[in-house]
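Order as written gives the chain letters A, B, C, D and E; numbering starts at 1 within each chain.
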Amino acid sequence: MDLIAVVDTMFARVDMGAFAIDELQKSERFELDFTIKRVTVPGFKDLAVECKRLIEFYNAKVALALGMPGKAEIDQVCAHEASQGIMMAQLLTNTHILEVFVHENEVKTDAELIKLVENRVRRHAKNAYDMLYNPKVLIDNAGKGIRQGFDDAGPATTE
Amino acid sequence: MDLIAVVDTMFARVDMGAFAIDELQKSERFELDFTIKRVTVPGFKDLAVECKRLIEFYNAKVALALGMPGKAEIDQVCAHEASQGIMMAQLLTNTHILEVFVHENEVKTDAELIKLVENRVRRHAKNAYDMLYNPKVLIDNAGKGIRQGFDDAGPATTE
Amino acid sequence: MDLIAVVDTMFARVDMGAFAIDELQKSERFELDFTIKRVTVPGFKDLAVECKRLIEFYNAKVALALGMPGKAEIDQVCAHEASQGIMMAQLLTNTHILEVFVHENEVKTDAELIKLVENRVRRHAKNAYDMLYNPKVLIDNAGKGIRQGFDDAGPATTE
Amino acid sequence: MDLIAVVDTMFARVDMGAFAIDELQKSERFELDFTIKRVTVPGFKDLAVECKRLIEFYNAKVALALGMPGKAEIDQVCAHEASQGIMMAQLLTNTHILEVFVHENEVKTDAELIKLVENRVRRHAKNAYDMLYNPKVLIDNAGKGIRQGFDDAGPATTE
Amino acid sequence: MDLIAVVDTMFARVDMGAFAIDELQKSERFELDFTIKRVTVPGFKDLAVECKRLIEFYNAKVALALGMPGKAEIDQVCAHEASQGIMMAQLLTNTHILEVFVHENEVKTDAELIKLVENRVRRHAKNAYDMLYNPKVLIDNAGKGIRQGFDDAGPATTE
């Protein structure tokens, strides 16, 4: 049985992990081919090492690192550090960790924030699943301007 | 017996380690399940390697890295370097190191500084404890907008 | 039989991998001395670990990491993180990974974007091939101001 | 016999290594418990690997990395890279390397520069010594606002 | 017989490797104590891994990484990434790699560019040689404000 790791934070203002778990549980392979382990850490700078722990101690095949940088300028620096950590954790484990960050300043209201989080988390949960079980879906969408959270940009056209 | 590492600096203008130790000693598990080792280093760029030493040479299970970047612009660059070091130390040891930084320019007076330090250090000492012994407390607070030092931001609501 | 890895993204707005594969297939050594493995990942921050996986699990001798940072400011930070990951993946594998990034804001129209992508990808696919099979071609062009995507800058002259 | 490494540069405009050696030689433990090895490198980006070499090939117990970033903007970026290297060298060796940088633009005259260098280098040489032989001195000064080079900031007070 | 690695790029607008090789060949130890291996890569972000390959696969004792960042703003970010890679390659190999970068915007004309490149490359080739065979020359010049490319800054004086 494969394991998919879901790691989120107390710092975020939306329950990001719940959306990821809900999306993954919809798959017909859930509890047949894979199960889920969720851990919550204080803030997004704690995500990288927790993902690495789940990969190396629990043998997770892929991880979702869910975080929500705040509005302050210092939060942007911290997000950069968190991202570098996630990058390094991937390279040290040869395992994909999908970084799913929603910056609080991407939207204006709480309602928009919740909607954005749900869309981005669900689509990346689907990506994690496809990377494990349907890699051809990704090749079929190469260069298609696919985005998570907002509308897809779509492919460049000469028309 | 587990070990919790507490590392702080001579550079900081408040005795950060003392608050962390006091908070941890309040726990009923203190000296039953865990003990504490404290080391002080010159500045916050020395925190990362000292935490790694305590993890690898003394088998610390979790570490608190306590630092206070000053007001100068160069201090912000140094804080970034210190944070990157703490991130790398975590990934090389598969161990959480909670970075507890209080930037001197977050508040205006010494009295506010002391109060902010005490709150942030105590709450992160509690987080370190929970990560070791009560991980469910963290999951229960996922997405709740929990902050250390100032008031919690709270969860996003559609109301 | 050597393997050349081609990794691109769903995020890009042009099918970058297709140009790389087409260029490599034109070589007379194709399917004699080398073959190609292509993987598509969600975004350019997923390129580094996928290249490393193809090098370490499939023994790829060189990799092309194809990405297209978007126009937003945050995309520039992400591109920097993606580049640092590609750098680290190279150093951990002792293998060249040619980073082929086309920033969407380098040109104004979709037609120019497609043309720029095609030129830069094809020329770097040729570079990857030369690094494996014709290293002398590169020495012969040392200091010649060679660029990919736009016109060559050419060598400095005293005339 | 322990070894303390002193590494400085030809780029600096003051003989930083000489102050460090002079300060360390004043100790009563000099040539009883420890000796000194000095190496000079071209610039401050060469410090990190030289410190690592002295730690790994000569078994140095602590190192002083002495550098002087110039006034140009590019020097600030180089200083950042040099610092990241020193951070990484520490983490890869589990050994403290005290980074002692004096930015040429911290003062206005050559006379002030020499004075600043001497104070900062001597105090950090003392720190290196204390970290090896008197760690309690550092704990006793935790949170005291200790600085090297200029006056101490002193502890925050509510008075 | 020792090996000195010389790595340069097709991107540069001056044949940097040729100056390095010419300078090294003037030494009386050339082909007695050391020989030279040159590799050319596409751009300066490819230098780090190539230097590491020459150190680990060919046993190079020191390397010269020769690059020429262009005038565009993005080139400065790339130069930073290239430098971080060279730093990391040094730390992973315990071997000095002298980074010799000439930024195209340091001078105004092609003639000045060629002159600057020649001076900086030759002086760093000499440094590489001294680090291997005459380390005392470097100690004798500690703190002397030595620069490569332009005039030396000279030591600070109280006169």
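Going forward, a residue touches a chain if its C-beta (ideal position, glycine included) is under 8 Å from a C-beta of that chain, and two chains touch if they have at least 3 such contacts.
Owing to the predicted nature of the structure, the values given are computational and were not obtained by experimental measurement.
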item: Rotation, 0 to 180 degrees and nearest 5, that superposes chain B on copy chain D via CA atoms; value: 70
item: Fraction-based call for chain B against chain A, same above half, different below; value: different
item: Between chain E and chain C, distance of the C-alpha-averaged centres to the nearest whole Å; value: 26
item: Gap in Å, rounded to a whole number, between the CA centres of chain D and chain A; value: 41
item: Chain C, residues touching no fewer than two other chains; value: 84, 88
item: Neighbour-by-neighbour ring order, given that chain D leads and chain E comes next; value: D, E, C, A, B
item: Residue ranges of chain A touching chain B (in the complex, touch as defined); value: 8-18, 38-42, 45-46, 48-50, 52-53, 56-57, 70, 74, 77-78, 81-82, 84-85, 88-89, 92, 110-111, 113-114
item: Complex contact set, residues of chain C against chain E; value: 76, 80, 83-84, 87-88, 90-91, 94-99, 103, 124, 127, 131, 135, 138-139, 141-148, 153-158
